[in-house]
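Two complexes, one shared chain (chain A), two partners (chain B, chain C).
And then the complex of A and B:
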């Protein structure tokens, strides 16, 4: 290697190191900006998840981690009738387990609130006073869920409740009962309340999606000869479909995290004999009510996370 | 094939607060290309929507081929419409967009595909059929919208400012294309625009609208030659007609310091041109010495001659040259007459700023508008 070559090589090295310096500066800048956010995210999100994930494999003496027990907590939780009650499920008798109840919420609540929201949004779209109507329907969603739970208690009260009074007026006295305390129907009574609240949310999203549709598209379809039903299926529905994904997923997340309404109506037991307990209630009870079973609380919370996280991720990554 | 007629059609909004259209009377012959021309907000689009059936008239009746159609839905009228923003369904491909009116009418898919192929070839968009509207250029979208309108062979073809979103060159091209299509298909067409060039170049008949009313319905040439109101005169032509305000006195128009214009020659020239014209008694009353009032004398810029010396005979209007705008093809001389700026189109300006000039014109090129804007002669 000649001297010239060595000098050239040195030059290239220097160039490289300059580049590297520049990159390092950028990296430092990036880090400075990222650290505050990442710290909070780490302490309050990642930390607890990792802690629970590890903790779910250990035995606990109240809040003190003891020895490694492998899948013991998991097996114990998943076979617990409070989480999934197989024999009651076969007889369709409540309680069927918190996970089952949560899934029931998903199956009933999510489609109902989605369609009701779409229906109301369509109904209000061309109505005079639609802003007032929308605000009234959406008001339910702005109320804290724990208050909704209390309101439901009043509505379903056997003596003072509006709902039972309505039944009496309609001459259906035999149906009058304390709805939130009757195991076989209580969960549906609560789901109905949940639908009322959440319809406001889906209606709002659909309303904004509908108002984003160019009115000349609808008029064009009219001129093309499409009736109201065709206009809905061929033009409106395809254009609000992306919103439907958001509404459905947000709905699933909302009911999977359900706690307040159930707690207000049925306390920490989730109704008489856990008749409408949900996963959130089970986490709370396992963690904070004697006999404290911290391992189980962690397992149930992780189950909730496994269901909700992919959905949340999907929403976050939608264009 | 359909003829359209509107009788006394009015449209009010906000329970009568807003008058969009007032007592429109209009006839469009079978196969005719009728243009609604007017400034924005004049109600031309509302008039089109009334014909389409997207709005229902507050008063009056609309007939297609003598059959009353107001109150019927757009689909019952067999009209096709092209919207200003094209209104293509964004989730459908070009082929699906074009085929949609047929799909709604239950035309079987094979037949549909065949007809889509035919119209896409007619409009030269056969290579775009698999694309979504978002992937098309403005001109292509325009063609898709046209294709969607003509595919079902409507009896009436309605176009709402279809070229306004295109650039100048494309607009020119599409104008020719539209005219060709209309000639080929021979469908009664109603076209809304605020662009007089479009109106004049394409229309068989132009309905000039202002403030919700029809000012004049006439073929383009007549509109230019005989604008019936001062407003139309000032709307048609580029630059618009000059209106000299003056007072009528003793058979002439007194323009103050700028001079007077004898009306006799103007009257006689018009009487000779006019077909079926005014009776002599009318002409005589115009010239009567006791008639007074404010009038406007209209002369188009292209009919004015600018000279620096007062002509020995004929009418001349005195003014001072303001600015001169060289346009290449011609020079536009802005002359100030009684604090009023008028334009004269000359092939080559030989005058300079602040020159005193005399504007002359032939008697048959002058128009006289009464105080209320109506054409007198």
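And then the complex of A and C:
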């Protein structure tokens, strides 16, 4: 149901609420069905979000709300070099601030995992045993992300890591290093790991879109003499295009929520001197590691929401 | 037959079938004198029945990619069975390989927080969090799919908002409220938070599924005098079983894999969950790869096996949850 339908339904809601008052039996049933779930949802999800939204305008004494300070927390957080580090950004030197790192993830990770996902979906589409092949690629997505982070540390380890061994075999010994702990390259190493895990998810969405295509369409294009390239652009792409929006948006949401992988590799500081910290890490550090700064934690978490919320609403509208 | 006219109704739209018996069979004079010529030569036929080299190449590439994709996990698996000296030398060296269960033993009895306990804790938190979300989720989804009620649209928006929110956003408020009601650092506190957090997507997912169930069944039951609760129990619940299995698998994986919520809300080492223990296993001087690998394998085994067993439900649920 699209968002527009929902808005239209708002008017119907009002009309119906008139006879709703008389329907005691229905009201009781609604309460029985809705109240247990919505109570928990309200207390543990909606409530804390509202609390953060209000709290971001107040001063905090560790965990206690003090007096109203207006935009102080917002200004302080947005000018904090841990969030956006302007001078380092000009020199393109890490750390560049968690928000910048997060946006870099979006710019590199999302297109890469989308293309790879589409590529693998097309590659596996008509092969025998495609279920097994797909499961092999997708399996990483079901593994705890904290394990993914540890696996990445293992791969990039200077001695035990298979990636450095590959470099040695290729004769690139001067590149061998502890990738996750080298400030200037670590973020790319982690992004590569993120792509590795997340491609399976993009592939899954594309695969289900591809399998919904009527094979006779492709067959008839073949008969008409269309090569693979033409078949892709003229037949397949128009049909999987709507899925691309979902894949991209889910990718952005996934990346903006990034926490576990970065924490596994770099702890609560997000790497040496916050070299690849992301917004989630900064929220955790500000809220639960000394010096505790609840106001800043709330602001940063709200920034995360503001970036993602319009995209989530866009998906809802697409339906 | 003439060319297809797009404006000419066909099929059902064409009205009552007007073809007569005579139309359905070829008339004698229409039977061609010669057999139809083959539109493919024997050469193309042969080429089409034998897998082409192109296709063989495709298989080779696909299998190579898929295997390369799980190389890191193979490495993890190998490392979990080998002593540290061999891991540092490279798990890919197979000669002189010795297999040991020492890493598993160490991880199982890890001194800071034994994984035996941590895995048990993870089950204690995950199972109720999944079961309660399923029950409350389908109960709340039913009115969303079938009835009109005030504030429905507002609630719908709130659910979407929460689904977009990062878990970090609810951590501060929940930390304070759990402290106040005395559930901080308890199983119950973490379970409640997972339930509250998971309900959003579960309600939306199940609502979409219930919208696809025809309403006539319920109408019939209502005419027979069944109450709303009876309809829910005898019609809605059984019909939504496949969706509920999807919810169970996905929610189980998410709660089991969750790292941020336990990190914030579980502070006593005896209450640590398995994903929380793993990063602690890094030693100060030398990283204990063997123990980390063994612990990781044990922790990831549960969701991965569940995924392999209920793969269809997992994938279908994943696709439906985001794409529908």
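What to note about this one:
The working rule: the second predicted complex is superposed on the first by the 284 of 319 C-alpha atoms of A that agree within 3 Å, B and C clash if a C-alpha of one lies under 4 Å from a C-alpha of the other, contacts with A are read in each partner's own complex, and residues count from 1 in each chain.
The rule we apply is simple: a residue touches a chain if its C-beta (ideal position, glycine included) is under 8 Å from a C-beta of that chain, and two chains touch if they have at least 3 such contacts.
These numbers were taken from a predicted model, which means no experiment stands behind them.
For chain A, the partner that touches more of its residues is C, with chain B and chain C as the two candidates.
Shared-chain residue A:239: touches chain B; no touch with chain C.
Looking at the shared chain after the overlay, A:226 reaches chain B, while chain C stays out of its contact range. Contacts of A:214 after superposition: chain B is touched, whereas chain C is not reached. Annotation: chain A has no residue touching chain B in one complex and chain C in the other.
In the complex of the two chains, the chain A residues touching chain C come out as 1, 6-7, 9-10, 12-14, 16-17, 20, 25-26, 29-30, 32-34, 36-38, 40-41, 43-52, 55, 63, 120, 123-124, 127, 131-133, 135-140, 142-147, 149-155, 157, 159-160, 162, 165, 196, 200-201, 204-205, 208-209, 243, 246, 250, 253, 256-257, 259-260, 263-264, 267, 279-280, 283-284, 287-288, 294, 297-298, 300-302, 304-305, 308-309, 311-313, 315-316, 319.
In the complex of the two chains, the chain B residues touching chain A come out as 52-54, 73-75, 79-81, 83-85, 87, 89-91, 100-101, 104-105, 148.
Chain A makes touch with chain B in their complex at residues 214, 216-217, 219-227, 230, 234-235, 238-239.
Taken together, the chain C residues at the contact with chain A in this complex read 58-59, 61-63, 65-67, 69-73, 75-76, 79, 87-92, 136-137, 139-140, 142-143, 147-153, 155-177, 179, 192-193, 195-197, 199-200, 203, 211, 228-229, 232, 253, 256-257, 259-260, 263-264, 275, 278-279, 287, 289, 292-293, 296, 299-300, 303-304, 306-308, 311, 314-315, 318-319, 322-324.
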